[in-house]
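Take a look at the structures below.
Same chain, two partners: chain A is paired with chain B first, then with chain C.
Presenting the complex of A and B:
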């Protein structure tokens, strides 16, 4: 049993133990802490040059194996998962039923599995494993009245179900199309070899890529398949909202970078596909940006902003250059941390204040300086302030996307980048407006918020600290990514 | 001291101070925080004075991003421009730190205030030292943050919150253009961000640079984009609206950030990358035009302001307009020279206004002051020196630097010269008005009647700054300050320029004396100027229509289309198909048998007739 298998099974085992009746808080927190330590150990192993890989064959034909392997990308995502898991566990209040701990551990364990497995069969399966508790938690323990949250749970179930189905069809088509002489295989490395030896015709690649883009895209709330996201996050219990928006949503992006780009390089570069993707991501940035400006409540504002920010990561993927992909990965990490931090604070505010409407709140800074500073970290991270992690990702995406010959005039990708830059202005508009309305000005009567005790601050400081450290030294992540092969030569 | 060490110390010390105060400020208490912040400012000042002696140098402090062809370092350039600017920033920064010890004595959140000041010193030093666009942009944003924090220091005050938000957002709009400019240069030069590398790529020297062969429009886009950054930071029209509102912040902050240093960063940056601007004729005309327009426009607005800090704020806009105009006229050195002298006398004026406000118990309306010359003699005297330097009275620093700019305008463009000269007249007019109304006559309010001189910790910086306001224009001083002074070409028209500028001062001051001496209320009443040409109101409408209204519409459309077309339509189809299918599944045995029979016949038909043909 190697490190990576432990990373996947510790949360799942802990979930099983809590399900069996052991105390939730202690087990969940120790499992999460242990997971973080193991991820750090795995990263140091990886940096030392050790290959972390194991494969347990399950079927010969078609070849399916429980295979795990770590590279910079998967380790970055594993680190994100374990950090958000810790923070999410710490947001579960006293007296909450054990299912809160079980679900968050299952989501994290599933996400770990999806990020670490190199077999498409397991990669897909682990994602589904993580998805189910998310849906159930929204339906059972979501905020708001029962009819509403059930309707929303249905909506997200149908959306993500259909998305997963399209994805499944795309993956099946991919596996069949790339079938090597030795028979069907789900192993990514074998598929990669096959794609290198017998490249698929561009038209086929384009079709399969489109299916994957729509499938993965729906999971990441790519415009126009996004309308599940904002209500889902506004309704989900705080730890679920943190884990889904912070971690699980990144699975779709991870899949595009891990599977679609390297196996279907011509599909990604296909004129129609690329143009379509660019238009869709412009939709994410500009349309959803405007929608976000219109929001009057913190939870839907954060939900929409998280949809909007996916546009930047898609821009990095659409550009496909090394700088842009590196930027997209940093941004995946950074967005995960920053949105988890913001949702954690949002959950606290909902508990203490009873409302999240901007018009009813104000002046919270007077009594809660600590939370004010934490919220500032989240706010300024998400508007791309240098020194916090998101900036490094955004600027690399922009540089990478702009990096082509412009002497004959700007092309669509350049215009998309310019619109993306305008999106940064829009993010500042809505985040600063929210920050100002909630924390500054005169305190609104009847709504009082105080700082948490020291022990409850730790997880928030952890997230803010990570934003600062990665923001100041993005090399910590790009260093992991230097051997990442995105496109098959 | 090597330049590497100097650069690291000046950059890192304030950062450490800010970080320490952020993390431990509450624990260690106000006094320690203050000492750390002031101490770091003092040390930085000493180091930058030492740096005045070192030779030109450049280097990398630490690598920020290094992926593929992207190399973004935290590096530094030490040359005449950065040495001089470093001196200004740390000198005025130190004085403002010290002055704040007195001015902010009774504030509840002094740790936060001094922490933010340190943060500002860090960010500003970064801009001064930057050797590439990535670093410049990062610190550019960080000064935006510190400005946001300091304007919004009194966050309970709604005006202060709105002003800080406005400042940040307006700057963001400028940075939108700045980033487009940077990206265009990056793409056109095939992946360069460093100033030196870009200059080389553009010059097409030994290695024929890709930027050299770029089409003209690319360079124009780049230059105008970069200029947009400066328009935001240096508050040029049409993005000038944030600076007057920024006066909601504590007055020492206005002196340091919103008069002497940060707002001048736009000019500093333009001079730093003047090689890009020089490559585009269109951009140069635009820059000179915008600068000249802002100078005149802001001076007109200053004429009818009553808040002492707002008068100074509009005057800052106007003087920044001069500097930007100089850059556009390819007289960057004249612009930088004016930047230096302006930093001294404008910081002096702002700190002086702070002392006046302090003396009058937080009264800022000049019509509620009056007669302060006797009650606060030191403040009065230093304020007059600052005013004289700003007006450009011959012999004081402002006179020399302003004349250089007027000279450049005279040589290049007739109407710009006219605008600049008229601005000089207006400057003299509104500053004389300010002094006459605030300091002479009789006290017009109780607060003014009970005014008392500020403590020494506040007046000492005033006295020091007055020395510089008088003398920094002379070669002896400016050489030692490493100020960038243009090589004066006393060609034809020199005496004309000098004559015009002296005449402007005399006429302006004379008019003000004639109109305002002994008056208790403003004899002029120009609504258009007093209401700042209604620009803020127009912008409010634009924001309402093009942002909030548009957001409302898009939001509605989004819920119709994304929710309706993508989600509800398929759902409705599924529902309809289900309903239809349910009709077939009627439960009537005959129906099922009929369907079964029909299906069977179809299958047989297919097998017998269709399949064999394929």
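Presenting the complex of A and C:
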């Protein structure tokens, strides 16, 4: 059993042990810490030029194997997963039932599996495995009254369920269409070879790409399939909100970059598909940006902002150039860390203050200087301030997108880039306003917030530190991505 | 070393002997009947796995021993074994509802009849012609008439028995009528002969089509394919739960094996009616999936929910059949077995603890028995087709078969059905895991039930992550 298998099975095993009655806190935290160490070990192995890959066939016809392989993209996502897992575990308060630990480990283990497997069957399967605890936790332990959270849980179950099934149909169609002479296979490398040897007609590629875009897009809250996201994050228990918005949601983007772009290059470049994607991502940035500005509560504001920021990543994917894709990957990582940080703070505020409405709060900085600083990190990262990770990603996406085919004239993608830049301004408006309303000004009576205990502080500093380090040296991630080849445009 | 044919004879003989034992033996000996039935089935399973390939020469014209037959024979034995364990688990409930007030009636037949049914199902799996199909089919069906109405003090069971009897008899009539037409059109009763005649231009296609339609209608009734699925919810809900489990897994599988053989005969190379039969099956599949999935959304009774679920599963299997993927049908059946039997076993265990089968009765189950709640989650997750459970593999293969035949419309409808499944299969899981006030006594689960539950959970997960276990049937 190699490193990558351990990365997947340690969280799952820890979840099983806790489910069997062992103490949650100790096991969950040690598993999370061990996982981070192993990810770092895997990254150093990868940088040293070792191939980390194993394959265990589970079915011959169609060929399905439990196959894991690490490259820069999957290791970046694995690092994100383990970082957010640690932070999420540290947010689980004393006296919470074991299911909090079990669910966070299952979500992280599932996400790990989805990011590390190179067989479409397991890639899809692990994502679903992570999705189930998310849905159950929102339904059972979500915030708000029972009827309301049930309704929201059903909404996202139906949205994500239908999205996953459309995705499954698209993936099945892909596997059938790219059948090599040796018989059906779910192995990405074999499918890639087949796509190279016998390219599919553009029309076929376009419609399969569309199915994948709708399926993956629903999972990432691509406009107009986004309406599940904001209420879900506002309702979800804090660790679940952190893990889903920070990590699991990135699966859809990961899938597009890992499967759809390389296997269906003509589909991605198809005129109609590209136009549609651009209009949808403009919807994400502008429409949801405006919606976000109007939010009066921190949780729905963060939920909507997370939907909005997906627009930038889609822009990178739509552009399809190497710079834009790398930017999108950095942004996936950076957004994951920054939104997890913000949701962690949001959860603490909800617990201590009992309300998240801007009109009822203010002046929190007086008693919680540490949280004020952390929130500043989250806010500035979210806006895309230079020096924090998100900036590096956004700049690369914008440059890459603007650069694409600019010599052929000014197209929709360039308009989308310009509108995206306006989106940054909108982010600044709502995030800074929220920051000011919550932490500065006159202290509202009856609400008091203090700084957290040391473990929580450490976990938050970890996230903020990563934002800073990657922001100052984006080369840490781009170095991993240098050999990553997405199909040539 | 016994041949599969002798194993079937053995089971039928043991079944009859046990009925006699139950009728004439003393009170003490009667307690032996359930365990004797379980032992005989287990022994038959072992014999089946170590069988000799030789069968008497005189029987070969109408008795097949191909891989399809062997798979379904083992399938029938495993099903019967688990059903008998489920029946034993719910023994006192069956006894209570089948005897008059204050009288303890013997219910040995309840354990003996499944052996006879099992022999019939195993025989059906080998049917090479329409007579060899019809005789064991009736053996199975008639035994089920008794079993469905067995708990005679329960009005629902009686109602279910009457409905099943009337509709079952009607479908038998239709089936025989179909057989007659097919024989008239092709001059042959064997599937080989029918396939050969179907491709001859001299055969009257209209007559053959009418025969095929009637035959498929009769078999469609047995497997619960639309539009012949109306009886399922009432009968499944009314029948004693072990019998429901037997009907929904064993009887359905037996129906599918003969359906597979009949469809293969009608859609062979150059068959004049291949297109029509294919289209009929496709429409039936789409209709069955929808008529199973959509009403299931509104169910508040778990047993009835599982009845609708079984209709929807039948739809997926008919879809695979319509795509000519007979291996996939068998594979799907293999994934359907552990999850469904686990579901019914849980219902029986809960019933013995005074927990009803309404959805709301499941509230707080995770507190009262973590094992049962987890098993429930696994069973329904597999039925919903969540990845890494057996159910997902089955659905995936069906989707792939349909996509490779370019039946995109039906795939879209199947996606709708599967999406509805996310709702109605998740509701019991959610209810079981929701914290509630009120009843919180711990539930007792007998050791036998614990072991069976564990084995079935392992089965669901093992097939889900290592489908090679069922690989042989795909060839």
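Here, the second predicted complex is superposed on the first by the 481 of 489 C-alpha atoms of A that agree within 3 Å, B and C clash if a C-alpha of one lies under 4 Å from a C-alpha of the other, contacts with A are read in each partner's own complex, and residues count from 1 in each chain.
Heads up, the rule we're going with is that contacts are C-beta pairs under 8 Å (C-beta built on N, C-alpha and C of every residue); 3 or more make two chains touch, one makes a residue touch a chain.
Nothing here was measured: the structure is a model prediction, and the numbers come from that model.
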{"item": "Dominant toucher of chain A (residue count), chain B or chain C", "value": "B"}
{"item": "Partner chain in contact with A:445 - chain B first, chain C second, else both or neither", "value": "neither"}
{"item": "Which superposed partner A:140 touches (first chain B, second chain C, both, neither)", "value": "second"}
{"item": "Partner chain in contact with A:322 - chain B first, chain C second, else both or neither", "value": "first"}
{"item": "Which superposed partner A:455 touches (first chain B, second chain C, both, neither)", "value": "neither"}
{"item": "Chain B versus chain C as contact partner of A:169, first or second or both or neither", "value": "second"}
{"item": "First (chain B), second (chain C), both or neither touched by A:380", "value": "first"}
{"item": "Touched partner set for A:407, first chain B, second chain C, both or neither", "value": "first"}
{"item": "First, second, both or neither for A:51, with chain B first and chain C second", "value": "neither"}
{"item": "Intersection of the chain A residues that touch chain B with those that touch chain C", "value": "158"}
{"item": "Interface residues, chain C side, partner chain A - complex", "value": "381, 386-388, 392, 396-397, 399-400, 403-404, 411-412, 415, 418-419, 422-423, 426, 429-430, 433-435, 465-468, 471, 474-475"}
{"item": "Residues of chain A defined as touching chain C within the complex", "value": "57-62, 64, 66, 121, 124-129, 132, 135-136, 139-140, 153-154, 157-158, 161-162, 165-166, 168-169, 172-173, 175-176, 179, 184"}
{"item": "Residues on chain A engaged by chain B in the complex (per definition of touch)", "value": "155, 158-159, 223-228, 287-288, 290-291, 293-294, 321-323, 326, 363, 365-366, 369, 373, 380, 385-387, 391-392, 395-396, 398-400, 402-407, 414, 417-418, 421-422, 424-425, 428-429, 432-433, 436, 439-442, 474-475, 478, 481-482"}
{"item": "Contacting residues of chain B [partner chain A, same complex]", "value": "22, 26, 63-70, 134, 137-139, 141-142, 145, 152, 155-156, 158, 161-162, 165, 168-169, 172-173, 176, 179-180, 183-184, 186-188, 191, 214-215, 218, 547-548, 550-552, 554-555, 558-559, 561-563, 565-567, 571"}
